[in-house]
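Shared chain: subunit A. Partners: subunit B in the first complex, subunit C in the second.
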Partner chain A sequence: MTDHTTVEVSKLQELVYELRIEDVMKREVVTVTPQASMREFKELLRLKRISGAPVVEGDKLVGIISLEDLIKALEDGQMDNLVGSKMTSGVETLFSDDSAVQAVNRMARFGYGRFPVVDRSGKLVGILTRGDILRGLLRRLEVNYREEEIQRYRASHIFQDIVSDRTSLILRYRVRGKDFRQGGAASSKIKRAIERLGGGPPIARRVGVAAYEAEMNLVIHTDQGGEMEVEIQPDRVYILAEDQGPGISNIEQALQPGFSTAPEWIREMGFGAGMGLLNIKHCTDGMKLDSKLGVGTRLEMWFHIPPPESAPKQKEDLL
Partner chain B sequence: MDLKTVLKVLEGKVISLPPGLSPAADLDLYELEFSYGGAADLMSDVLAFARPDSLLLTGLTHPQVVRTAEMAGILAIVFVRGKHPPPETAALAAEVGIPLLGTRYKMYEACGRLYAAGLPGTGFPDLYSLPVGMGK
Partner chain C sequence: MTIQEIVNKLGLQVITPGDIEQEVTGGYAADLLSCVMAKAKAGNVWVTLQAHPNVVAVASLLNLAAVIISEGIKPDLETVERAQENRVTLLGSPQTTFAVVGELSKLGVGGA
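This part shows the complex of A and B:
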């Protein structure tokens, strides 16, 4: 698993474990005293439209009484008996500083849909149902989502927020030579940066493919690797891929479709078909290749991003 | 064509899913919609000719296949001939959000079945002009 997914997963887990019962429980609890009669309890249920209540003596929770207990009392003609004699004592409770996850587990274990919540001194402070947990989680997720949206919005408005006569964002990546497994990691980050800055799929794709071709050239043809520098401006992207590798002996020839000097093992992987530079040409709005045998290679690429006025329909194409 | 249909046509299976597309959220997965299909063992060709929103069929299983798909905007990859990718390929696919599928059909038949079932290709390549007399 990669950094990115780990972050995503742990964020959600954190959320679930972070959510305390006191964050989601209902605080206004209708209670009844043990000294009340069952008849009074019946009136309470009717008036408050509830189906049960915790029984409280002073601050302390001493039991719970339900509609079921009331029906039994009615059947037995014991409506004048006290709640204290009909209630269930030894109630399962939750602590207010427990996590919502613990509450869910206890609900599942005992099969109750409702738990009185007490603080560590045993004082009744609230009541919790499954619905409360669900609502709390959804609310929290929504807040998180909104924060994420705000972050994204901020990234995409960096060029409006930071004022200068000409603002650029420069990203630099080091690419290792012959490290086939890591090949493409820089391009992936470049593509994601473009997307995060608000570039739509078409421009992100063009930049991504061209950067990837250039990056794979560094991986395949150099031993020491090279550097990729990306300069992003609101209306254009510029990429320089530079290495101190073997150099290209004949640039004309290198640009011919199908011409390749890639070794066999690279070809077996499906690369080195002699189309990379051509594809880069196709994806960019301009490219320049300089190379000196034994000195190194410089590949420059430009991408225009059309201004909003001239292409109102292609909003996704804009940075 | 949606992913559910692809799996049915190829008598295929899901090899790995990105975290967001867990089996619990399989509805989203099956609703993944492909506009085109493409097949290649040459990643250079995929980079040059693939269209976004397409499905890629390939016999290669190394991680660069996933990188290629990511760059080209490919939505999902099908490994043909019953090939199974190594863990690092599945890990990268999970990271970049690309589902991996598998079929026991060979490349030719897998493509033929999908094409016959209505998943179109992308016509002639537009990367460079073909030699005179070869269309376009």
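This part shows the complex of A and C:
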């Protein structure tokens, strides 16, 4: 991966790579056999309103013939000659399972606007023009966009759609101790859930940061990990992070900025700054920490979700 | 100023592109993740010499515009993959954190 190629890969370019030629090509192809006369070919062009056609023998593509070839035959008075003798053979083709980007490259290289598409056995299965690729891309962009919108819409209306006196959604995550590779996975999912449910960026961020610190505490300080339970209601979020780990000997001290019991190897990764609980305090609208040495730790966090219109500026300013 | 402009001006390596046209709101530099969590703001560019998967988690949770990994440190494959998944922009520089921050400051990227 070089610097420059990665920079230039945009969303649209990703799509061009993903899109297969068979997804966008036209499958109904008007073809002509090499045994047809140029006169018959002329009729075909007139009836089907096309300007050229692949020449096919049995299943196999053997050439391509165009309006230009027809005009030449007309001038030379060779309208009774066979298509097989007037066509261009050795045609540039595309494979149906190639990506659209290969089609774009070949069109640019050869300057043709239309390519017959064959499968790996050489059988003609379709035809592809620039317009087909463009249409395919636009359709795919629209589908992607709409799917995301629908998912978002459905999720954000779950509280209106499902009626009860008090509806809440409960998410549970198992966090493994000392697993730094997976650390942060639960809080990323929690943040995404809040966004999907229609929480704006400030609340999603607040919940995400607090959940991350709580999750990393489980990763850093316990061996067997712990559980996170998130209860989401339209106007509030509650998170419980619980473990049967070593416990905290002095909660007051643990809340002091800069105090940490993390060992050196963990600090080297940038954890254990002694800021975690403080960060949680800043991000939440309430927190409760209970711990017993040798028994475990229970951290509860509350967040108010401001109503969409009159969102009061509060904790967000701190972030 | 967009991330793309910073990349061009500082000659940074683009490890994962993410949303490279994003406007930068300012900068923050630290290697302690909790400090970043506390101080970095959405849209900031973060300069650090940490290069493990949790860097991506932090950048994604905070909606940071980009992470510049200094001193030529290369993130491992898992970090790169996770950055791609989460559309987090990871950039690399052979310079020290201090030098990168100095250059960013010259470009007018503030540390408010």
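Convention: the second predicted complex is superposed on the first by the 168 of 319 C-alpha atoms of A that agree within 3 Å, B and C clash if a C-alpha of one lies under 4 Å from a C-alpha of the other, contacts with A are read in each partner's own complex, and residues count from 1 in each chain.
In this section, a contact is a pair of C-beta atoms (placed from the backbone, for glycine too) under 8 Å apart; a residue touches a chain by one contact, two chains touch by 3 or more.
As the structure is a prediction and not an experimental result, all values here were calculated from the model.
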TODO: Could you classify subunit B and subunit C on subunit A, in the superposed arrangement, as clash or fit?
DONE: clash
TODO: Tell me which partner A:Leu278 touches in the superposition: subunit B (first), subunit C (second), both or neither.
DONE: both
TODO: Would you check which partner chain A:Arg181 touches, where first means subunit B only, second means subunit C only, and both and neither mean what they say?
DONE: both
Open item on the list: In the overlaid three-chain picture, which partner chain does A:Lys191 touch, first (subunit B) or second (subunit C), both, or neither?
Closed with: both
Task: subunit B versus subunit C as contact partner of A:Gly270, first or second or both or neither - done: both
Task: Touched partner set for A:Pro201, first subunit B, second subunit C, both or neither - done: both
Open item on the list: Quick check on the superposed pair: does A:Val209 touch subunit B, subunit C, both, or neither? Answer first, second, both or neither.
Closed with: both
Open item on the list: Quick one: is A:Arg49 in contact with subunit B, with subunit C, with both, or with neither? Answer first, second, both or neither.
Closed with: neither
TODO: Under the contact definition given at the top, report the residues of subunit A touching subunit B in one complex and subunit C in the other.
DONE: 1, 9, 180-181, 183-184, 187-188, 191, 201, 205, 208-209, 212-213, 216, 269-271, 273-276, 278-279, 282
- [ ] Using the touch rule from the top, collect the residues of subunit C that touch subunit A in their complex.
- [x] 4, 7, 13-17, 20, 31-35, 37-38, 41-42, 48, 50, 52-54, 56-58, 60-63, 78, 86
Task: Interface residues, subunit A side, partner subunit B - complex - done: 1-2, 4-5, 8-9, 180-181, 183-184, 187-188, 191, 201-202, 205, 208-209, 211-213, 216, 257, 269-276, 278-279, 282
Task: Touching residues (chain side subunit B, partner subunit A) in the complex - done: 19, 40-48, 52, 58, 60, 62-65, 67-68, 70-73, 88, 91-92, 94-96, 127-128
Open item on the list: So in the complex, the part of subunit A that touches subunit C is made up of which residues?
Closed with: 1, 3, 6-7, 9, 180-181, 183-185, 187-188, 191, 201, 205, 208-209, 212-213, 216, 269-271, 273-276, 278-279, 282, 319
